[in-house]
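Two complexes are shown next, each including chain A; its partner changes from chain B in the first to chain C in the second.
Right after this comes the complex of A and B.
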């Protein structure tokens, strides 16, 4: 009888320890997920930019060299380019070609083209009042490029025409900004 | 427990993706800065009396030794004013008229009208070339003859003119060019006495590319 009691005591102690241990501590295992997501980048530069009436050539559609246009790409920032049209006159129309290369890692597509913030629809002459005098002076026409997918390393060519309207004044200077807005291709319809 | 954490993580990722999709897209804008400078369109007429002698602008001068007929002319803006007083039969006046393109864009003759004592005549109209007295397909001699005939017709024998363009091209005047015409006016025997004629000659030029025939 006594030896049975003695045997019960260590059993109770052990059970108590087990219960206490269970109450104050448990075994655990934590699973961690360490993630790294490297996003791609959208980047594009202008690699070609020219017009069909450089200085010293006959005006498009006519038999005289009256007006001329000069195109240049910013060497420090090839995302910028410049046009200068000189000695223009009503009905003068000049054609431009712009080639943009995808230098990023994500395919891109031309979402829209804007002139002074105004969206230029594709294949539709869009007049602009460049001097804000209530009379349109210039109009723009864009051809075949909206939505075209350009993979990394590839290039896309866009055509643009500028037409001097009857509302343009003699001896005037008009300035404007054309923006070609490229988006990640999957968000351009 | 484990599956709950995975679900939470997945839900978080999906939420971030959806939020990213809804509020932003990636884009790159390439920009072109443009400048268009328009040319200038300027024509300046000039005039000279060549016979019997030179009559300076803004000076009233006689046209004969006896100081019977007098002439006075001046140019204001783009208008040439000519005043000839006390003319008589057999009086002859020689003049030279030219138009200089002082602008930077070629000019094309669009319309040429003459009004004599309130009656208008169209010498040339780019919108009605077949109905015009002269047209660009005529030779210089033919144009001169047509103009001389026209004056003879409306002056009813009182005045005759001879016209000499001397190779000048009035149809199209390029920048820097200055076509000239020599005109000799002869007052004929049929010239009525004590009569005043008023006339206006209007030459309308447009930028050459819009006149339609050049």
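Right after this comes the complex of A and C.
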């Protein structure tokens, strides 16, 4: 009975306060900022190739047509190209180039060139042991290509020289993968 | 017993009314004081001026735009919508805005919050900070800086939100 009375008291106090319109609040306001960021596309394809010793021509630096070099672009994935050198011999050197078009929306620049994962510095012959027998078989030389900026829709020519070394075996087939690594231009020194 | 209850209720009501100034008496004379209280207005918002820029010097690749919105149609902008297109790692956009006190009561910045994914760093500062007071008619500049991080993916969409909470100056709690 006593507790009922006690419960009645706060209810009546509140009722009274409501009756006389008592109110408590502070004034505040929140202003807002929202943002949506869409990043651009980084994309490039190989559109053209060049080789200075196609089949039926005199080998560069020599007077005979012995070896030859062919290149093809993968039609399903134009980010890939295939180079085939036939009937090569020690000291055979061939120069080839690939023209890469920026098909993205961000300018790009060539950050690095790798052959079988090995970085090829600019203007420096870099030997590769293509068959992993402990003897270098091929060496690669990259002409000035690093850092050149390519705006969207534009293209750049990247070139390499391949030299067959003395350690190459007769009747052998050497395969290698060359990777041209393009970055967004502002990250390439 | 019933009379006692009624008496208690009446006593409580009377004491409550007394506490809040209500007067009850049999013999009385009322002196009337008429009062008019006009409360101030409280309204904080952005001015129509936005200064938009980015960190591109040699090329124009990314773009940033910003739009002011009046959410409650009271003539004061309450929201800024930022849109950035063709962004890339290390792209940075700056939106300079002005927070204005359109009311008649001083306001204080209570809090500034940002909710952004790890691919973005968003800062709202320069020269606004919690605890800053804005008197009626005054304004302070704030810069919204959006930086695209290295981990951002190409061809993706990221969103962020930010708030600037204000409160009447005498209710501010640090």
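In this text, the second predicted complex is superposed on the first by the 155 of 189 C-alpha atoms of A that agree within 3 Å, B and C clash if a C-alpha of one lies under 4 Å from a C-alpha of the other, contacts with A are read in each partner's own complex, and residues count from 1 in each chain.
Here is the rule we use: a residue touches a chain if its C-beta (ideal position, glycine included) is under 8 Å from a C-beta of that chain, and two chains touch if they have at least 3 such contacts.
A quick note: this is a predicted structure, and the numbers were derived from the prediction, not measured.
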First (chain B), second (chain C), both or neither touched by A:64: first
First, second, both or neither for A:119, with chain B first and chain C second: neither
Which of chain B and chain C A:34 touches, first, second, both or neither: second
First (chain B), second (chain C), both or neither touched by A:46: first
Touching partner for A:79 - first (chain B), second (chain C), both, neither: first
Chain B versus chain C as contact partner of A:87, first or second or both or neither: first
Touched partner set for A:177, first chain B, second chain C, both or neither: first
Touching partner for A:26 - first (chain B), second (chain C), both, neither: second
Chain A residues touched - chain C or chain B, whichever exceeds: B
Common interface residues of chain A - those touching chain B in one complex and chain C in the other: 31, 33, 41-42, 104, 106, 184, 187
Interface residues, chain B side, partner chain A - complex: 2, 5, 9, 25-42, 103-106, 174, 207-210
Sites on chain A touched by chain C in the complex: 5, 8-9, 12-13, 16-17, 20, 22, 26-42, 104-107, 151, 184-187
Touching residues (chain side chain A, partner chain B) in the complex: 31, 33, 41-46, 49, 62, 64, 66-67, 79-92, 98, 100, 104, 106, 108, 111, 130, 137-138, 162, 164, 168-184, 187
Contact footprint of chain A on chain C as seen in their complex: 5, 8-9, 12-13, 16-17, 20, 22, 42-46, 59, 61-62, 71, 78-90, 99, 105, 107, 110, 120, 122, 124, 144, 146, 148, 152-168, 171
